Amino acid sequence: MRIILHIWRQRNATDQGRMTRYEVPNVSEHMSFLEMLDVLNEDLIAKNEEPVAFDHDCREGICGMCGCMVNGVAHGPLPGTTLCQLHMRHFKDGDELYLEPWRARAFPVVKDLVVDRTAFDRLIAAGGFISVSTGSAPDGNAMLVPKEKSELSMDAAACIGCGACVAMCPNASASLFMAAKIAHLALLPQGQPERERRVKAMVGQAGQELFGSCTNIGECEAVCPKEIKLEVIARMNRDFLKASWTGREE
Amino acid sequence: MSALAISPLHRAARFWEAPIGKKAVMAITGLILFGYVIGHLLGNLQIYSADHQQINRYAAFLHNPANAIPLWVIRTALLAAVILHIVSAVQLWLQNRAARPLGYKKKADVPTSYAARTMRWSGVIVGAFIVFHILHLTVGSVLPVHEIAANEPDVRYNVITGFQNPLVAGFYILAMILLCMHLYHGLWSMFQSMGFSHPRYTPLLKKGAALVAILIAVGNISIPIAVLTGFLTL
Amino acid sequence: MQLDSKCPTGPIETRWERHQFNLKLVNPANKRKHTIIVVGSGLAGGAGAATLAELGYNVKCFCFQDSPRRAHSIAAQGGINAAKNYHNDGDSVFRLFYDTVKGGDFRARESNVYRLAQISLNIIDQCVGQGVPFAREYSGYLDNRSFGGAQVSRTFYARGQTGQQLLLGAYQALEKQIGRGQVTMFPRTEMLDLIVIDGRARGIVTRNLITGKIESHLADAVVLGTGGYGNVYYLSTNAKGCNATAIWRAHKRGALFANPCFTQIHPTCIPVSGEYQSKLTLMSESLRNDGRVWVPLKKGDKRPPGQIPAAERDYFLERKYPSFGNLVPRDVASRNAKQVCDEGRGVGETGLAVYLDFAESIERLGASVIKERYGNLFDMYERITGEDPYKVPMRIFPAIHYTMGGLWVDYNLMSNVPGLYVTGEANFSDHGANRLGASALMQGLADGYFVLPNTINDYLASTKLEKADTSHAAVKEAEANVNSITQKLLATKGTRSVDSYHRELGKIMWEYCGMARTAEGLKTALSQIPGLREQFWRDVKVLGTGEELNQSLEKAGRVADFLELAELLCLDALERNESCGGHFREEYQTPEGEAQRDDENYSYAAAWEFRGVGLRPELHKEPLTFEYVHPAQRSYK
């Protein structure tokens, strides 16, 4: 099939950027979306045009490196799927696709479809961890975790940090990302000692990174490739409210 | 020895600074305003009473100088709630708008989120309507307010004559539809903001919120419709 | 060159403890005077960087991805082994040690493997402490499952995302140290050369992938946790960015490269669908717990699987290996799949696939149990192939997955270049000729959390390092080397893209140095690779400049290194006239078609010394001795 692409081209962080039209003939339905872009890039190189820069790595939906907006939807039309796992059989001959990078003040564009997501790392550095010095942990079975809690925790821990939630959110909020980590750790007994510090520190950091805030719209949940639920944001809100009013430490 | 190193005032200020704190303020003030909307609806529906003076007696009760103190306490609380609700909303809106300086050329939306995405517009229009509504029926600067006696407004007359004007009735109906959307999102979202969400109850909550919002809108909208269709006459 | 493995002697149970006691320590106040460079942020690199920082060292950590959380350890699905014996099924440290040495076909050091088995216990505790949501039973206790190459259930897992969860644990520990300022993180930064001053590894030259800036970083020791070289085959289960540049350039600076021909093929991958294929997707071999592998009995049987009656199916693994059945080790499962496809009994459009069938398990356990165990894998399979594995059997085929070979290291994980440590998949140490499932995560974390932070002290405490700064001649020379490579790649302005060369190299490697190798095939590969490399340098086309994000340039540098490494890999495979583990030479097999080792002549680690591009490297042999597990033909029958 033939696919028409309108791709955001931007040389570097300071360049203005613009949409450019390309055509990819002979797209196989078995190709992944990124393989279709590979084919485009090989064509561009053959024509001495610079290939489109896009982030990708594992191509099996787990590293969280890839992703762009496809016709205004983060990671494209298939729910619960990263861009690398999206296959061309979900498109049809002659489709016109608009590819744009994640857009948020906290995610500046580096080049073309590549953005800088280091703000996510700083959110984790602010408190998204359990402090346990190597070697100091007790036996793995010393602390029991009810299966239901463990499963819920795993649901939240499945986040791959791709940034689709921020990209899709009308407010460019990182709430789903942040809340997934907070919920993952707060659901486990190991996460209790630092629970209040963690939520306060991470929420504070999100403000400094200039992410927007959650207004309970739910677009993040709709595009999350790991189908993380809005419920985690409620958990974060609850923990934050509690920590704000009852916490003693400063 | 751990101590409360922070004063309650300082704590409140920091709470207000955090977006989640502001959303909690919006949830609580929203709940207060929702209570008022219910009360107001119950008052309005008295217009259907066979006893035409029923609603006027209710108005006279509210306006009775003996009840002035509770009335103004409530009015002040409502005003404070409105101000906090709006100020939080505006501040969050500005912050959130700044979080994405350059928008998408093409952006799709999740269909179910329509009410949520339009909260600020439904809010602004409902807010404008409230101002108009007070000017119309309380202050009387749109149409003269008829009084049976001092502090005894002729509500039935004012409402019916007001709604006989199709523009007034139309604006009222539009505002109520937007209020319905605003309430639908606000009612379930309030729980989310305050930290309650559960896969079993949240879907029920959303349905309940829709039902309540629609009932409120239907109850209120029925009045101008009844006037325009001639079901309610002087 | 004399290779000193520094392995302790005496009773194996106490070797590590005694060795640790003999290592010198750095007192806490002095730790902050040392800087350590860690390249790579996966399980080995990330865990190492976090732990070293926790101990008080200043750490500079580098990764080419945009965040340390993206390292390819994240893609490991199945689980991590530990000899906890929580299930009272006869497991022990000794059994894990035994299984690993045997699984590695007797080409690993006993001392290293025993230490690995001992540390496996601490790893689970550490990860649980960090909040890794391992699968639990209803009682709240940790759950285990069984895995290929073992008859006990010792594999801990977090759904099909064990690698992800373990990596996030290490990443979070690392981020904490970054937040404290103890680690300086350099994402989107690639190591392009090793700086060796007075014979010691003292730093690295890097390229900032966004600005193109070439920079030198100096330190007291350099740790490479940069993963394996499976992408030399182009199509592999590795991430697209996985590369051998760090270890290869260290090799060119003197570090020995050991056992490059020990590459592992993973039996359960989704088959290739076309020329544009950019990578292969692995599905956890835990699938083999409940899936049955079969092909039609008849050649060229093109009927849909559902129409082939049981009597006309060949469940070849169950038939040939009754006691392990579908759970034979990876190399055995892969080779058998290739064999039946070579016989013309492969399935699917290309004939390069075998069925992995869950019909019976679904009938026995119910679809919901299967969904709970493998739901995400089934979803992934359906997303990629468009077929529903609950209804039709999966089609699977082996693919390059892991490389047991890597830079030679001693028991302390130090290479022959003093001050250069190599951890995880990047080194050659613990898996011998074949790695057992769920052992890569174990090794990466053992090296990163527990071994390296203990052994590196000894070097730092016992070595007097001269002060050096970036004006040193060795630094300038390394920078000049990096700049000249970049300039050359950009200036060639040829006709073919980098990928086209990589693809071509991959085809040569898979054809002649893949699942089964022959002397003749390897010689063919060795005659083709230099020509391809020469053509690459004459005709590669890299557009753009070096002063910006230039993904073609990044790839070009990596492919240039693969073109050299490929030659060494084939040479090593040719030199090793035996079959063992992942290295299967068709000339050396038992009458039943099993791998035939030659312990008399090849019971050694082959460590190669670089002599120049295109020149024959020098082979150094580290003899292997077995005191506890006596070499025997591996049998899984």
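The letters A, B and C name the chains in turn, as written, and every chain counts its residues from 1.
Everything that follows uses one rule, which is that contacts are C-beta pairs under 8 Å (C-beta built on N, C-alpha and C of every residue); 3 or more make two chains touch, one makes a residue touch a chain.
These figures come from a predicted structure and were not determined experimentally.
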item	value
Contact-graph separation of chain B and chain C, given in steps at minimum	2
Chain closest to the middle, measuring from C-alpha centroids that were averaged per chain	A
Pair with more cross-chain C-beta pairs in contact, given A-C and A-B	A-C
Relative to chain A, chain with the most remote C-alpha centre	B
Chain B-chain C separation of Cα centroids, rounded to whole Å	62
Length of the line joining the C-alpha centres of chain A and chain C, rounded to whole Å	27
Chain A and chain B, separation of their C-alpha mean positions in angstrom	36
Chain B residues counted as touching two or more neighbouring chains	none
For the chain B and chain A complex, residues of the former touching the latter	2-6, 11, 14-15, 17-24, 92, 95-96, 98-110, 112-113, 116-117, 119, 185, 189, 191-199, 202
Chain B-facing residues of chain A, complex	6, 8, 19, 69, 71-73, 98, 100, 103-106, 170-173, 203-204, 207, 210-219, 222, 229-231, 233-242, 244-245, 248-250
Interfacial residue positions of chain C with respect to chain A in the complex	47, 50-51, 54, 65-70, 72, 74-75, 84, 86, 122, 124-131, 133-142, 156, 158-159, 161, 163-165, 168, 171-173, 175-176, 178-179, 185, 187, 210, 239-241, 273-274, 276-279, 281-282, 379-380, 383-384, 386, 449-450, 453, 497, 499-500, 541, 543-544, 548-549, 551-552
Chain A to chain C touching residues, read off their complex	11-12, 28, 30-32, 34-35, 38-39, 42, 45-46, 48-51, 53, 55-65, 78, 80-81, 85-87, 89, 110-111, 114, 116-118, 120-122, 124-126, 128-141, 143-147, 150, 153-154, 157-158, 160-161, 184-185, 188, 190-191
